[in-house]
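Structure provided below as structure tokens; questions to follow.
So that you can tell them apart, the chains are marked A, B, C and D in the order they are listed, and the count of residues begins at 1 in each.
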Amino acid sequence: MVGGRLEVEGLTKRFGGFTALNGVSLDVKSGERFGLIGPNGSGKTTLINCVSGALSTDGGRIRFEGRDITAIPAHQRTRLGVVRSFQIPKPFISMTVLENLVIPLEYAAGARAERADCAAEAMDILRTIGLESKAHTRPAGLTQIEMRKLELARAMAAKPKLLISDEAMAGLSSGEVDDILTILFRLNERGITIIMIEHIMRAVMRFSERIIVLDAGEPIAEGTPNEIVRNSAVEKAYLGE
Amino acid sequence: MFSWDLLANAVVAGVLLGGFYAAVSLGVSLTFGLLDVVNIAHPAFVILGSYAAYAMNSSFGLDPILTGMLLTPLFYVLGAAVYQVYYASFERRGEESLRGLVFFFGLLFIIEVSLSLTYGVDYRLVEAPYIGKSIELGGVGVAVRLLVPFAVGLAMTLALHLFLSRTFYGRAIKAVSQDRLALRLMGANPVRIKTIAFGIGIAAASLSGALLVTIAPVVPSTDRDYIGRVFAIAVLGGLGSIGGTLVAAIILGVAESLMATFFGPSWSLAVSFGILLLALAVRPTGLFGR
Amino acid sequence: MRPWGRWSPLRAVAAVLGTAFALSSVGSATAQSAKPIKIGLGMALTGGLSANGKPALLAMQIWRDDINKRGGLLDRPVELIYYDDQTNPATVPGIYTKLLDVDQVNFVVSGYGTNLIAPLLPIVMERKLTLMGVLGLANNEKYKYPNYFQIQPSGPDPEANWAMGFFEIAGKLNPRPQTIALVGADAEYPRHAIDGARELVKTFGFKTVYDKSYPPSTVDYTPIARAIKAANPDIVFVASYPPDSVGMVRAAREVGLQPKLFGGGMVGLQYTSVMTSMGPMLNGIVNYDFWAPERTMMFPGIEEFFKEYQARAEKAGVDPLGYYLPPYAYAAVQILGRAIEATKSLDQQTVADYIRKTEFRTIVGKVKFGPNGEWAKSRVLMIQYQNIEGRLVEQFKGPGRKVVLYPEEFKSGNLIYPYSAAQR
Amino acid sequence: MVRTGGGLLVSLAVIVGGILLASLRVNLYFYFAGYVVLQYVVVATAWNILGGYAGYVNFGTSAFFALGAYTAIFLIEAFRAPLPVLILAGGLVSGLLGLGIGYLTLRLKGVFFSIATLALSVVLQTLIMNWDYVGGAKGVTVIRPGSPLFGNWVRLLFTVMVGLAVAAVTVAWIIERSWVGRGLRALRDSEEAAECMGVPTLRLKLFATTISGFLLGVAGAPFPYYVTYVEPSSAFNLDYAVNALAMPMIGGTTTWIGPVIGAVLLGTAQQVATVTISSELNLLIVGVVLVAFVVLAPEGIVGLVRRPRGR
């Protein structure tokens, strides 16, 4: 019963005259840990914005669990199970940490159940992620790592089948990176497909089963971490000619 | 009733008006466009400038526009002081936009009322040798009353543009909203930079106030006619784009003038705002926005 | 958790009502032992019309002081109770109900301006009061309320009579003008004036070559003036408010718009501050007015009034000469006072009946009201600005600058014709 | 559901109370002043549903109010329609305009949205100015039909406004407590994050702009019968826009009670000042109070009350 398969076919996105994505295709299998890397400006964030629905596409198809989701709005994709976290955390600042989780529970998880149930469930999630002591503080009072955890916890509350984690570890210490990785591994064990966009190579290499490398809006390499490390095209893209 | 002569005259009148509109809107372009401070009281400062010019003109017979220029340092200081209050009360605490807006609304009232308590509510006009005269330029009659403000508006636009692109402080002001890192590398204190920019914005407002009183009579509540216009121009031009402000101001001026000449002047303002609505719907960042 | 969470809409509304109740007791503590006769009004002391509202109020205060110096009305002192209507019609119902129910005034007079009289009339009608209107145009045409009297000398058919003088003058010119341009602001008064002028155009058989309106916030009037010039009319009739009056005059001059007759219904040119700033630019304009310091207009009492007014004007921060509205505001309360004295009554109907059938001698001359409460005979003056030199205020105090051309019985000089001849 | 049911019961009780109040022979002035204050309760509450809950600042409040008033005038002139029809129609037309500006939020955020509403207000005012059927720039005198309920129009209008205020506050109260309110709050904090967390942001925004517009129109619909004379510059008065913004700011924008407190305080203060100070000082006080409040009490009175209790 594991879901979460994402198929992207010939995805194209232009901003004015600039082509940010040029016919990108990828196929993320159910339950897979998938890495997406590439130098700055290579189109990673544009790609996930298109997949999550924040941006419209100029060509190509996006299928989730066999269903074409290219044209449906972002919140409906979330309800189907495509959930993303943000590179720069965007918490709901006027709400407590707990209330932050109630929103996706109510809206995305489809329950729209009594509020009390949502709160209990939100507390469960906070516990698994280690934020329960902060349940009643506002996000403004959180440290950076706590903020990242909140971002992940909120994504979890949306009951994802596919979680897209956008640079969840940027700026963290190596111990904190391990913390986040542990959480992501645990989520994956529960059957959640995960796409990780990351600059910290150590983390991506350790986490991903398969990696795709984007450069200038086009995939230049795809394979296991080991294959990617040895790929000369990748090296060129990162280090220049 | 169409004639080429009329068209040429309408376009020229519109361009002149546009130059004046640009002068009034420059400050907003600076404070709103580059500093993200929604100074809705900007037109009130414009009227304050008008009254300053009026006071000097009626008591000492000084030329209103000259007075406007002489008084800019005073208004610069005033603007800097207002920004300090704004910064201490809002920006430092974050979440400034909505409450900052109300702050400036309050300021607008205070300025308006202080003016009417001091000068009463009579219409105030100034005298200058060029009011009521016009010159002929190749078949097109140009009112000097509008030509002078146009020239000053143009000069202000040019000066501000040069200041922003050529000087240290100017570049720092541009960096303050877009590129914090660059600002830090320049070794500039953002609050200080913003204070300077806001002071310049208010100084520009006061000078444009002197232009306004040269063109038309003012009362303390005249500012309300300009709230919509100045923000429309700043937005239409693309926030923070000084050249864009001038272009947008001229578009609005010409639109108003053409409407007034050929169709019903009644609709000129609505057409201007219609253009704005359309522009916002099609291109929310304005004509020259980033 | 949330202190307001337990609040219910009930308590909130209860709070609203409570405060509102508290309101009703405000201001009722002005009872006096001498039992004064109270006259109440709302007046535009702030907002768009305050430039006229404030002088009008000062004039009424002068009347009150005059009356009280003479021992009051019916041996009782007169008290004026006034509130600021902020030039906002929405405040009028509240203000007058307060005056009538809380302050218990004996009579009300209107504030300044058509817009502020309009919402007052239904209140007055409901309570069958007598109302002296202070400068409103055609307010009673829809209601035909018998106890309403308007001191503005518009005449029995206010809209049409308003510009009558201008057209009478135009009609008598030789050679007779053929074409006319009508232009006015998108606002209440200019629309009335233009509507009236349109009727007169038909009556006098002119040909309309331009008929447009503009928004009051227009900045540049040269395109309008130019469009009118392109239509090449013999006569230009302008109905405007102060800022656009100034704008139109300047623009006309700048684009060389030189019809044979220019003016008509421009509000604002009568103001001292505008006259001194515009100076010679006014020469030649033929415009409506209510009073001018010409020998034909020296009604008994008016000089004393201006002496007093001008002495107090600076302190009150109002128009220093006060030739436009103030004498009429004074006359309005003067008539009310005379009627009270003559009937020895404070009964609304008795006073109204007396006002309706009597001809009053006031500081603005003889006033007799017609059936709709307007002056039985129109006396809107048409004046021409002549021989203005420089910008000194003193020249406007003497005759010869604002020459009365119409009506015939008040005529004090001759038209300089055409417009350009007076400009030089 | 129990709480909501209880709230509705309370609302009904208030309306009945209002009717009783109107049948009392209290000084008429009280009803006039009360009407204005209650009208501001509706206006401030309506503004706050969009501005406070969803974070979209509407500068064109006067346009919605005036549209309600002019819809009523049109229906009076054309059909002599009864008051309930006027209120409903005024609300619907303004609600429709609200729906329209809701679609603007697709492309315009923050101050751009605010400026667009301001522009809309100018365009609408020009249209009304030139529409002679409803009086155009000249304004229109509205003659009230004879003998209404309670034997007096003012009492009737007051009672109606009590009902409308209760209705508006109840609507705000229900929204705030429901999933809609939480969704709006999420999108106010971060529209992008809200959408990604499954909140149908566009639909919620359309809902908020429509309800807000509807209530503003409802507040404006009885206005013609209140003043009996309406002209564009007073119906589109900037005061409505300023007060709609200032009252919730003074009271507090995050809860339904904030706009109510703000409207009652500022509205009453303005009413009292009108008949006591009666000069420019009146406006000056409004300005000073506004500045003082936003500087010293950032979260309004609600915030002031809440703060000492801690969190």
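What we mean here is this: contacts are C-beta pairs under 8 Å (C-beta built on N, C-alpha and C of every residue); 3 or more make two chains touch, one makes a residue touch a chain.
Note that the coordinates shown come from a computational prediction; the quantities given were computed from them, not determined experimentally.
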item: Most distant chain from chain A, judged by the mean position of its C-alpha atoms; value: C
item: Averaged-CA centre spacing for the pair chain C and chain A, given as whole angstrom; value: 71
item: Inter-chain centre distance, chain C versus chain D - centres from mean C-alpha coordinates, in Å; value: 34
item: Intercentroid distance (Cα basis), chain B paired with chain A, Å; value: 46
item: Residue list for chain D, restricted to those that touch at least two other chains; value: 126, 129-130, 280, 283
item: Contacts with two or more other chains, residues of chain B listed in rising order; value: 116, 264, 266, 269
item: Residues within chain C bordering two or more other chains; value: 46, 48, 186, 213, 215
item: In contact (per the touch rule at the top): chain pairs; value: A-D, B-C, B-D, C-D
item: Contact set on chain D toward chain A in their complex; value: 179, 182-183, 185-186, 188-190, 192-202, 254
item: In the complex with chain C, residue positions of chain B that touch it; value: 1, 3, 5-6, 9-10, 13-14, 16-17, 20, 116, 120-127, 131-134, 141, 143-146, 215-219, 221-222, 225, 253, 256-258, 260-262, 264-266, 268-269
item: Chain B - residues contacting chain D, complex; value: 32, 38, 85, 89-90, 93, 97-103, 105-110, 112-114, 116-117, 224, 227-228, 231-232, 235, 264, 266-267, 269-270, 273-274, 276-277, 280-281, 284
item: Partner chain C, residues of chain D touching it in the complex; value: 6-7, 10-11, 13-14, 17-18, 21, 26-34, 36-38, 41, 126, 129-130, 136-139, 141, 143-144, 154, 162, 165-166, 169-170, 173, 223, 226-231, 233-234, 237, 239, 255, 257, 260-261, 264, 268, 271-272, 274-280, 282-283, 302, 305-306, 309
item: In the complex, chain C residues that touch chain B; value: 46-48, 50-51, 54, 186, 212-215, 217-220, 222-224, 226-227, 230-231, 242-243, 246-247, 250-251, 253-256, 268, 271, 273-274, 277-279, 281, 317-319, 391
